[in-house]
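Two complexes come next, and they have one chain in common, chain A, joined by chain B in the first and chain C in the second.
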Partner chain A sequence: MSSNVLSQSGSKPLKGSPLMSNRHVGICILVLGIALALATPLLPAGLQRLPEALVLPFADVINYLFLFIKDDLGFIHVTRGIAGGVESLLDVTANLLYGKRRWPNIGPIPWTTIAVTAGCIGYALGGWRLALLGAGTFVWAALLGQWKWTMETLSVIVVAVPLAVLIGLCLGAAAWRSARVEKILNPMLNIAQSLPHFAYMIPVVVFIGVGPKAGAIVTIIFAVPPMVRMTLLGLRKVPPEVVESGQMCGSTPWQLLRYARIPTARTEILVGVNQVIMQSLAMVVLASFIGMPGLGQKLLQLLQSLKIGRSIEIGITIVLLAIMLDRFSKAWAHRQPEHHERHTAWWYQHRLLLIWIALVAGTFLLSMVLPVAAEIGRRQAFTLSKEFDVIVESLLTFVDPVTLAIRSFLIKDVLIPLRDAYLWLPFSAVIALVAGVAWRIGGRRSAVVCILYVAFIALSGWWDRAMITVYMVSVAVFVSALIGLPLGVWASRSDKRAQRLLVVCDTLQTFPSFIYLIPVIMLFGVNDVAAISAVIVFGTVPMTRYTIEGLRGVAPELLEASDMSGATRWQKLRTVSFPMAVPTIMVGLNQTVMFSLFMVIIAAFIGTQDLGQEMQRALSSTDVGKGLVLGLCVAFMGLLVDHLITRWGSERQRLLGVVS
Partner chain B sequence: MTIKKAPFACRIISGAVATVLLGTGSQLFAADSEDPIIIPVHNWNSQIVMSNVVGQIFEEMGNNVEYVSTDSQAVYEAVRNGDVTLEMEVWEGAFGASFNAAMEKGGIVDVGDHSAVTREDWWYPEHVAELCPGLPDWEALNACAAMFATPETGDAGRYLGGPVDWLKHDQERVDSLGMNFKIVNAGSASALWAELAAAKKRNEPIVLFNWTPNFIEAVYPGAFIEFPEHEAGCDKDPALGPNPDETYDCANPPNGYLKKAAWDGMEEKWPGAFEVLGQISFTNPQIAQMAKLVDVDEFEPEEAASEWMAANEDVWKPWIQ
Partner chain C sequence: MSDTQPLISCRSLWKLFGHDPVAYLEQKLSGGEVSFDSLQSDGYIPAVRDVSLDIYPGEMLVIMGLSGSGKSTLVRCLSRLIESTSGSITVDGQDLRALDEKGLIDMRRNKMGMVFQNFALLPNRTVLDNVIYPLEMRGQDKHTRRARALEVIKLVGLEGRESYFPRELSGGQQQRVGIARSLAIEPDIWFLDEPFSALDPLIRREMQDEFLRLQALLGKTIVFITHDFDEALRLADRIAIMKDGMVEQVDTPDKIVLQPATPYVARFTEEIERARVVHASFLSEEIVGAPPAGEPLLASSTIHSLARRLVDDTRAVYPLVDDNGQSAGQLNRAVALDVLLGANTASTSPDANTAKDITAASL
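Entry: the complex of A and B
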């Protein structure tokens, strides 16, 4: 960060003037954009929409390339080989966890054993609270008769997560060692992290096929990028003293990495592991489109027959799993290795392990006597689905008159005019507007980057659909900010509130979004209001979270200083806390844009006319090229916003003097 | 499936024993491969239960079977590549295009039709009949068009179509018959049912895409709109149908096929199972029954399949003789 900013200011010896000129150029281009937009009726058709002849056949090129790689280069044998390897791992976990008939043919492990194991791990990592969370999650899944599906899901996760961590570590280390690798890797990571899930599910179907292996591989692809980034960050932060002392001991480079660098970067690497786990759980439902078994698949089946209560049960299981694994991995990240005094008894050092072994043996024996301890059938299980149905039903009945009343107004007087306005904008004006803003914020380089992003969308031939996506996302982001900001401000005033709201955020973020698509449709019908509402539910989460974190992260000295100068609470918020928190809040805004872009594609399952609808079409016809082009359009929108916000944020941080 | 689960520890031992004995016992008469037959399941219940029934029939014959969930359109690519072995429900209307495209590329074979016929068309739930008398006639529907209007369709009525990738020609039909309707495409079947449930609750008029056999008939009774009678070729020849200048001016086929498809390597690898697959044929009431076991009686699909097989031995036993 700091070196980056330094080199930038270094290249501008006269700090004031180039900034001024950036501002002026930016404003000039902006004015041009506005003029173009206002003059739309007068513009030649070629400036309103890119002429058909100039649309480049990206999709055909990609399809051709993929066919070439797949068949002519025989790459399909490589990918199928890798998939075979993954599959044999999956077979083992599938046998252990839910008794699929595969080597080693000893599963399924009784549910009680898994529950006590989770409890022990939880206790070792964070005491009774985590023990309860761990055991409780599995008891819930077992009691509700979801055991088999939960294990099917886990059998994929326990293979995908370690593989993703390993791949991430290797790539991260490679990028750390060689600047060239980093240079190649960085844009790929950027795109991978902003590409909608469906876009890379299509090539996976082509290269890997369908089934648990495809589910595992798509999960791995989705989960690797944050691991790479965190590894790189961690290794970079290792202080030279640690490395030097390692060198003094005569370590080889490998020993230095294994015993000095990686342990020192432990916290960052474990944060990466945490990210991998969360990303994997986010894929549970989506990956079932290409054959991931378990909770996600069951969820989609239940929703298809409109069983909302039972799908909420499954949603809760997914949330519990996610929160459990999140808390476990965070506890692991913060835990420092335990060292015993010399002469501590062997059994004392390993007391937890011994207790665990005893519990495992106990539950095994129990399950032999008592079949219910081994497996609870669906018929024996209890269910809360009726209760959930009643709750949803009465909630809908309660809200229905309100939504019915505003629906027509929203559609006729707000959304349709807005949408028409976006579609009315000539593409030349959009390019000029974007370039103007970019130049104003980040100078010529930013302008060029952003123009390239927009130009790709124009050249791809999906302009109108892309504009509909932009319209939906911008409305959603606007409303999300309107809700998330005040909510975050309100919550950040006390520790307790903040913590509670953050748990709500965690829940909303991991609760499968498909479930709330249904009630939203029941309220609003198949239209943009429903789609945008669904996006808002999801988009508000990061806005709230980062507002809380930004405001709570303000240095206490600053707050004390403003207290001493007699500032009122409002003054303190407006003049001290908020300006200091703005960089973090902007990261939240950035995340909100990303979340909304992901979600707007999923909202295609409600029924939209944007890129998401085409993406759905591409998925069902396994059209790799089209899927990737659409995906890149979405990714570039995200990257454009990301670029602008990041540039603006680092400038702002520099001005505030908070860059360390 | 029906074998009582042995305790875990016993299974460790028996697993080890089985590993030693493997390859000597199980394959006495069937010439079918030991590899599992992979059966795809989608996200609607009749298909899942039917696939489980067929899987359990294959298991009865001594084959190994595995199920994998896939997208119902993407599955044809998977069948072609042999990633899944067969597909039990190829609907003429919904998947005919994907199936034909896969046939052209090769790798997939047609294993014959079920006795069941399918119908996919405009449909309305019972309560709408009272709101718009004259239904199911399409002209009566058109006369009521304003009643079906929503904010986004203005004065025209709204027809809630299926997802765009189901490739219906509703717009063409609306144009050729001069109907005052606009098409809004739902993004998934769940979206259709959610709208249907809400409309029923509010007693609002709705006309939407539906098909039979389908579980929804049991929950929400209703009827198809009667368009000008279907004539083969009315989608290509403008002369057919009431409008002499336009195509698609007639109903969807009232008895579309429901087909079985298989990977072209299946016959060689599992000849026995392939032979039986050719014999298998379900009827509309049987399919409705399977769906009902899950959607109304709350069985899990696997259980529903076992239930159905226990109750209908006379139906499926002859197929494997």
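Entry: the complex of A and C
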């Protein structure tokens, strides 16, 4: 990573002390780092690894704090109370969707009813295509005998999403109103958005326990941050004139928020809702690790027992669900109101609603007569898993020699030596290298911030594990960039290609990360290569996407000017498009790093040796302190990269005169 | 006009942007003269400087200035959308700056309406609901507010489009909605912040006519902002010309054109065809001795519209009458012809020529 950032930071120092600019200081520290690295064998042990005595007991402190909050302050009663509230909501949806015996005792709703409902919502939001997608998803789930699991998953989403949206909206509005709230909230959101999923789960297990309610609560907590961000953004973007017009109409501040600001920020807020939904789905699937039943749990079990065919089926259901939820909520966000001509009959204006009511009544009646329309039993379900297994089997016998060769080559000749190299680096050299790069990019402040991040990791005592994470992420990011950049350049050559690839990237980004493990386990089995491949696939998506967007976003006049100067395609790319697109591409790189970090941690369950593996252990022993410390280590790595790239990117944009 | 009380009146109004402007300005003002440059070099942005204005009931005051001259800020101070730094504003006898939030909301709900440059319509509401909005804020019952809104929509000529959403309308139509909304509560005071600037020239012309029609019908007190001098001349009873936050001159269009007070104003009026702006009444002289014989001219007509008469009818002076047929002095043919032909002698201010040289040099 560090070398990557370094090679692209070609910006000139703008201000600097008259004696020594940031650039020179940075390079000096870098040289020191390299010297330390080269002199490793000569270094005293204390500079190679932090002496045990200096490792700070963060985990114990956190554990102590948690115990204090939980028992001495009686916070557990508060959380139990909240959990009770959420549980009663979950009981309602559980009854309606899969017939759990709780109030209101009317469920389960027949699958046909839910499918036609999804179809109608889809039609209302985006015509036939979305109608087909909505209904098709549920028909698929029902026909393949996955109905109950799907509904278990959905019942949590249905509860978690509105709660997360509500909390996010309130926090966002509070942050918008008060600069102080925003100041407090901002660093919390930063950390929250870079904490890996598992770090959220451990405290929830401590305070709430396991099962659906824990799953719901961890989902809510995980999904709130993007909603806060989008609410804040939306409220900020309301044109001042709209606010003034509201004021001149004599609105009170509350009326102004309720009638003018929030409706005008509708699109941003609904984009926030979309993100909440997607985050929720990703989390609900992963919450299987803390006993959340549903599709995720089933997938976890099947993957662990290497039943590839069945895993693929479940994977498809999850993917369909993801695409459906994403397209629906996006269509809702971008829907524009339309008027009816005058004297349109009321039944015509509400025709869709009437059709829906008729369909619901019809399917209810049908399911009374025909039990299959209410529920498809295990025996009756179609399953293609046998066929999938056969296909996969034959495919594997075909490609196995190849993958085996790749695998052993990569592990023996690339990955293990690389990992050893990372582990061989003394921590003092790493700190110096990071500080050098940071100083060069952002001056002393950046250097201090970055040193603090790295120091926390060193002091936490998880240095070696962290270096393994860094090694996996850096390999994955490097390969992702190697694939994503050329792919993006190629795609951006033509409008059509760019459009298509962007749709593909969009769709791939909606998949819960867990899904990416299915094909790599299928191809490579359970080992480092599989884990890294999953990370690469996951990380290539943002890289490609932002490369396309960056290159497509270059001002056409500039391209015309360079055409008229007689530039060849390659010259144009090298001298105009690429330099102008670099800030955007760096945003992509930033996301790739984030995605990779998250994925590496998730990949722990196919047997890596990094922080993620330790986090899994912390989860199974519900060790809050350890879990949070590990989570913070991962978050700080992410924030470090984010800080450097953002700093560099904004400086670059300022130099180019492109206002972001 | 001076016999009536002004409806809006502001005295030495200041608006500075910057750090703690109130204390800064207080200290600065106690030191005497405050120049634009000295404020700027202290890191402040002076948007409105020492403005004193009186706006009388039923009058249309057009505030004219280039972008950045502080006209939008001034009108926002007058409507208290932004807080002024110093000075006083009296609206209908009430001290505007002393009003608490409730009093301010009350005043806006009953006395003020405003139209915005980019329409500022709520995208999620239909035409009808946008117009209903101020009435809804006021808490009027559903039936009345609907009836009133329909009435105003009809007034601005949008009948039949009540259920459209702003997005489905053209720019001119959207601004009609903005106008209808601002009129819904029957305000006494009507602020218009460059209402036609975002429209195409042809539509702009049409909207100006529409606006004049409405004003003839309603007779509101209007503060109208524009950066378009032609628009100002066409609409205004009086024009206030602003530069760097200061009002350079407040006068009737005739006076602005013929007697520019400062070199800056003179530059604006240079390209204007004066005969189209100046009215016969403005050139009217006291009748000394016997009234001139012959057919009288209408005092309210522009010199341009009298052009043919001035050329054909070779009397030295013409009698003038007002719209009611009463005598309104006499018009000297030579003076009128000077205006018609664009000569710079007769009643133009003597320093206008030197002023021109100064501004030309400063360019």
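What we mean here is this: the second predicted complex is superposed on the first by the 582 of 660 C-alpha atoms of A that agree within 3 Å, B and C clash if a C-alpha of one lies under 4 Å from a C-alpha of the other, contacts with A are read in each partner's own complex, and residues count from 1 in each chain.
Rule of thumb we're sticking to: a contact is a pair of C-beta atoms (placed from the backbone, for glycine too) under 8 Å apart; a residue touches a chain by one contact, two chains touch by 3 or more.
What you see is a predicted model; the values in this text were computed from it and never measured.
Peer 1: Once the shared chain is lined up, is A:Leu90 touching chain B (first), chain C (second), both, or neither of them?
Peer 2: neither
Peer 1: In the superposed arrangement, which partner chain does A:Arg101 touch: chain B (first), chain C (second), both, or neither?
Peer 2: first
Peer 1: Output check: A:His339 vs chain B and chain C. Expected answer is one of first, second, both, neither. What do you get?
Peer 2: Touch status of A:His339: second partner only.
Peer 1: Quick one: is A:Pro239 in contact with chain B, with chain C, with both, or with neither? Answer first, second, both or neither.
Peer 2: second
Peer 1: Which chain makes contact with more of the residues of chain A, chain B or else chain C?
Peer 2: B
Peer 1: In the superposed arrangement, which partner chain does A:Ala603 touch: chain B (first), chain C (second), both, or neither?
Peer 2: A:Ala603: touches chain B, not chain C.
Peer 1: Write out the stretch or stretches of chain A touching chain C in their complex.
Peer 2: Chain A residues touching chain C: 239, 241-242, 244-252, 255, 259-260, 263-264, 266, 336-340, 342.
Peer 1: Enumerate the contact residues on chain C facing chain A in the complex.
Peer 2: Going by the criterion above, the answer is residues 76, 79, 81, 101, 105-106, 108-110, 112-114, 116-126, 133-134, 136-138, 160, 163-165, 167-168, 178, 181-182, 185, 191.
Peer 1: Of all residues in chain B, which touch chain A in the complex?
Peer 2: Checking each residue of chain B against chain A gives 5, 7-12, 15, 18-19, 38, 40, 43-45, 48, 64, 66, 68-75, 77-78, 81, 83-84, 98, 101, 150-152, 160, 163-165, 184-191, 193-195, 197-198, 202, 215, 219, 294-295, 300-301, 303.
Peer 1: Which residues, counting only chain A, touch chain B once they are in their complex?
Peer 2: 100-101, 103-110, 205-206, 209-212, 288-293, 297, 300-301, 303-306, 364, 367-368, 371, 374-375, 378, 400, 404, 407-408, 411-412, 416, 514, 517-519, 521-523, 525-528, 603-608, 613, 616-617, 619-622
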